[in-house]
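Just so it is clear, A, B and C label the chains in written order, and each chain counts residues from 1 on its own.
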Amino acid sequence: MAAVATFDRPAPRRLFRRPTHPTGLWDWFTTIDHKKIGLLYLGTAFVFFVVGGLEALVIRLQLGGPNGHVVDANTYNQIFTMHGTTMIFLVVMPLSAGLANYLVPLMIGARDVAFPRLNAFGYWVFVIGGLFMYSSFLFGHAPNGGWFGYAPNTEKAFNPAHNIDFWVFGLQILGIASLTGAINLIVTIINMRAPGMSLMRMPIFVWMTFIAQFLLLFAIPVITVALFELMFDRLFGANFFNIQAGADPLLWQHLFWIFGHPEVYILILPAMGVVSEVLPVFTRRPLFGYPVMVFSGIAIAFMGWGVWAHHMFATGLGPVAKSAFALSTMFIAVPTGVKIFNWMATMAGGKIRVKAPFLFAVGFVTMFTIGGLSGVTHAIVPADTQQTDTYYIVAHFHYVLFGGSIFGLFAGAYYWWPKFTGKMLSDRLGKWHFWLMLIGFNLTFGPFHILGLQGMPRRIYRYPSGRGWDFWNLMATVGSFIIAFSVLLFIINAVKSRKGANVAEDPWDARTLEWSIPNPPPEYNFAEVPIVTARDEVWHRKYGEDEQGRPVPRSVPDVPSEPARLEVSGNGERELDVEEQPEEEVREPTAHDLHIHMPTPSYYPLLAAIGLPIIAYGLMYKAWYVAVIGALVTLASVYGWALEPSTEPEEPEEIAEAGPAPEPEPQAELEPAPESAAEPAPTGS
Amino acid sequence: MRNPRRIWFALIVGVGLVTAACAKHAPQTTLKPEGPVGRKIDSLFHLTFWIAAGVFVLVEFGIVYLVWRYRHRDDRPEPVQVHGNTRLEITWTVLPAVLLMFVAVPTFRAIFQLAEAPKDPIRVTVTGHQFWWQYDYTDLGITTANEVHMPTGRNIEFTVKSDDVIHSFWIPRLSGKHDAEPGRVARISMKADKPGVYLGQCAEFCGLSHANMRLRAFAQTPADFDKWVSDQKAMPTQPPTGTTAGDGFALFQVKGCAGCHTVNGISTGMVGPNLTHVYSRSAFAGDTFDMTPDNLRMWLHNPPGVKPGSKMPNLGLSSNEITNLVAYLQTLK
Amino acid sequence: MAVTEEVKTPDSTPEEALAHPVTSTGLSNEKIAMWAFLGSECLLFGALISTYLLYRGRSVVGPFPHDVYDIPYTSVSSFVLLMSSLTMVLALAAMQRKDQRRMRVWLLTTALLGATFIGGQVYEFTVFYRAGLSLHENLFGSSFFVLTGFHGAHVTIGILMLLSLYTMSAKGRLAENRVETVELIGLYWHFVDVVWIVIFTMVYLVPGVK
């Protein structure tokens, strides 16, 4: 029987065939495997982290002393704008997306996300959007209106060159990536959970990612509208922010912050999810109060829509509006505080292994607490009229974004490194990284509280002497270089880890499904779809509980269905030491061996993404034909994507040879390769 | 052991914070208010700060303690797998909410009090421009720039506007800030208790020279203030021709200065600051340069070169012309 | 379509299994995706409509809405768009009955009605433009044209999808079991129609404060 897809295939087009087994660079360009895409996100975002960090060092060099002259005002404005824009849109968001991409399907027992090609598209749009934005430096016109781009300062009348255009178009492109990623993950989490994986059994990281995707889904359109309105003003002379025509000078701020505040929860929730995964593993305790952790995340997401005007307390809101937003801002601290206490309760009574992931997770909790507390002080409206637009605010958000998100994401890096690469990062180097980063971070941003209270405003390229700001600015500059050095240690650690020993599947004695498969996982993730009977399924398989509730190792793992895999070492090992693979390592079975149908790679996502910056350049330089060409590239790619077959056969003749898909049976060892060499019936993607 | 190190570090930071707040000359600080508005804000901040500090100590030292107390030891058994405790979780949901009410109520009260119109104020319209502040004393008929004067013990009500982009008017030792928005009018009031000079600056990113848009507030005794007012109202005298200043006066008209700057009785330009009594001010160009002849020379030589984004162009003045103009400006006391 | 799971029932064919992969909710991935997407679109149009409402009555110079609006005319084109939703439903019903020929008739009708609506918009905008209303004229021009322009762009994309579906069916490349594809495109189309009802009401019918 011919393995025919659900519609007739056109005659084989050998030149434009969908790739089947690409290798090398072409593999990375056409991959639709969520794991590879996750690694692409993580690697690219880390590069941007280094770039954004270098920008920060330039800022700190300029501000290290009074009347700095490292850079001039024009350059400084571009550097601080790109630092903020990079760290938010090109670092924290894609790092979270990368972790989510890699881990969510594994954690819910799926083989991939709902729309693998859309997933690849999201990555390519992100990279291309980031490169587009940074291409502005080549033109000498990098964005210079701050990451928040307040109109009317960003209007053409006040900013005539192309700086802001790069910013507007760059963010629009990046917004597409975020939106498609959000839809993909939402559908994946709702619809592709393994049997038994109810919502309240999902790992918290999946929950926090899930909630953050909803925030993205609804927040991105609002900034999209704001950016379009600014774009129409700049390109076509519209009047959205034209005060002379009667426009409201606050419209931009309202639209921006209705996006902007949910955005900060988008930035923090995934990292909170990481902490909720790491702390239980290293304290050997389940997360304290799982349902409350879920509901507090949901509460934060809902309440996050009702606080935006706390960014606007100095703009002339009336006293009633100020009071309302003060109240909502204060009370969003409640679900946030609950998380802190629950994390502490997870640690209390545990048996803590102080390894690098744990340190970074504790770093998150302690530093985020400080940032959260300073955030509450902002809710005190009259006090905020002193704090807003000063370094006190800069302190607050760096404590939550760096002390919070970045520390949390580093915890994830150290924790999941063996899963991604099959090797461990050096714990010793990791601890050096942590302590140096913690010290450098506090030395840099702690003094910002003082500087802000002593009257130093934000976004100034220089300050005079005699204001009392010199000493702490110098300290902050020293601290920033300590941070940089600690990041260097991480890079060295990462490079060194490639030479390390291979690690068995569960080096940390962890709790969740991703630790039940090899390091790194095979293309198909699970040889057999796991059946889930408990929260912390993998822990449950390994341990029962005695009468007091202490874990007792099971002699036989309690696995509902035994995964069919070749002999791999490390099974049943409970130690946290690195496990070496035995000499005669048997080849891991492929999807083909196990009769698992994986969709094949595709080049259309990359192609469709390429059209977008072409449109942007065309519109920006008013070369309409260029914009049209870009639009056609994207449109044609979308059509190709929609119409391409889900699997390209090796040779067209082999389609007819494939037999029906065999029934799966639980088996202790792999059955020999089937008679037919061709891939069975293709799947969609 | 690692954990004491963290405690030491926290202590150092804490001590540093406190000493930094008390020590050193910080003329733009918010922590030493000199008026009732500033003090009301400061007391509210202190209330919140100390509650936050208490929470900080509990949480941070709590975490450090927990990590130390429950660290892995081989003789320690596996931990009991506790999944939660409803009563505890409710407690630490409700308790913070209650604590917040102690902060919320004074906050609302302060918001409404600060929104009340001041009694018998001196009214000043402050207009933000890129990159300087203009002050119009509407009742008194004075216009000046960069420095604002006020009598001690009297409310001063600022009507805050902008001519171009969004700025923010801020004198930290007297009050919180308020944004100056084009197309909108805002009101903020404050009062200075003692004579003194209070520094401030624009606090909303407004372009290239946002950092150079500073201001000075002079609080004077009522008598000194009245003198200042009458000085500002005085009409300037035209310097005699043939003098350097006289030549400067002629250049002032010929070179186009009059087109942008007002000198009462001479010119009505509205683009740049009112220069009628410019030499009576302590600083110029957005309060970035002290008012000295050398600084004026430097400025006139190339304004955008010393203040990026300055709307005043480089007029290509010769050194001689600059000398004359500076001499003229010095007569505008 | 989703990556497949192993076949659970021995009797079903691989094709059937692949066409309807097992999902946690029983709904297809595509359907949830479309609903999620439409959810985000609500915020998109919400922000545009909010801008319009904020700027209602604030234009410094004319033309103003009452100078240019022709409610009877716009009512007719609104009715046309509304009817296109009806024909879309009929197209789906035909597909469900496995009558692709009839489905194509209704699809084409829907597309044509949609195109008529767009044509009506284009004509209306031309009239407004000649009356002096443009993007850069005043706040009304900016907010009106951007809002209705975005809506028109969405309708146009919908027409493209309808015509693509029509072409696939006409070339015999639309399998009988792909009812959901028609349903989801129909869902998008109805959403765009509902947005128009909101726009028509808030922008055209509800008079602003002078």
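Assume contacts are C-beta pairs under 8 Å (C-beta built on N, C-alpha and C of every residue); 3 or more make two chains touch, one makes a residue touch a chain.
On a predicted model such as this, the values are computed, not experimentally measured, just so you know.
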item	value
Centroid comparison with subunit B (C-alpha atoms), farthest chain	C
Dominant interface by contact count, named by its two chains	A-B
Chain nearest the overall Cα centroid	A
Averaged-CA centre spacing for the pair subunit B and subunit A, given as whole angstrom	38
Cα-centroid distance, subunit B relative to subunit C, in whole angstrom	51
Inter-chain centre distance, subunit A versus subunit C - centres from mean C-alpha coordinates, in Å	32
Numbers and ranges of subunit A residues touching at least 2 other chains	246-248
Subunit B: positions in contact with at least two other chains	none
Per-residue multi-chain contacts in subunit C, two or more chains	none
Partner subunit A, residues of subunit C touching it in the complex	1-7, 10, 13-15, 17-19, 23-25, 27-29, 32-33, 36-37, 39-41, 43-44, 46-48, 51, 54-55, 58-61, 135-139, 141-143, 146, 150, 164, 168, 172-175, 177-178
Subunit B-facing residues of subunit A, complex	72-74, 77, 145-146, 150, 152-153, 158, 243, 246-250, 283-286, 288-292, 314-316, 318-319, 322-323, 326-327, 330-331, 333-335, 337-338, 340-342, 344-345, 347-354, 362, 365-366, 369-370, 373-374, 376-377, 379-390, 435, 439, 442, 446-447, 449-450, 453-464, 466-469, 471-472, 545, 548-552
In the complex, subunit A residues that touch subunit C	3-8, 110-112, 114-116, 179, 182-184, 186-188, 190-193, 197, 217-222, 224-226, 228-229, 232-233, 236-240, 244-248, 251, 255, 258, 528-529, 595-599, 639, 642, 646, 660-661, 663-664, 680-685
Subunit A-touching residues of subunit B, taken from the complex the two chains share	2, 9, 13, 16-17, 20-21, 24-31, 40-41, 44-45, 48-49, 52, 55-56, 59-60, 62-63, 66-67, 70-73, 76-85, 88-89, 92-93, 96-97, 100, 103-104, 107-108, 110-112, 114-115, 130, 164-166, 168, 170, 172, 175-179, 181-184, 186, 199-211, 288, 308-309
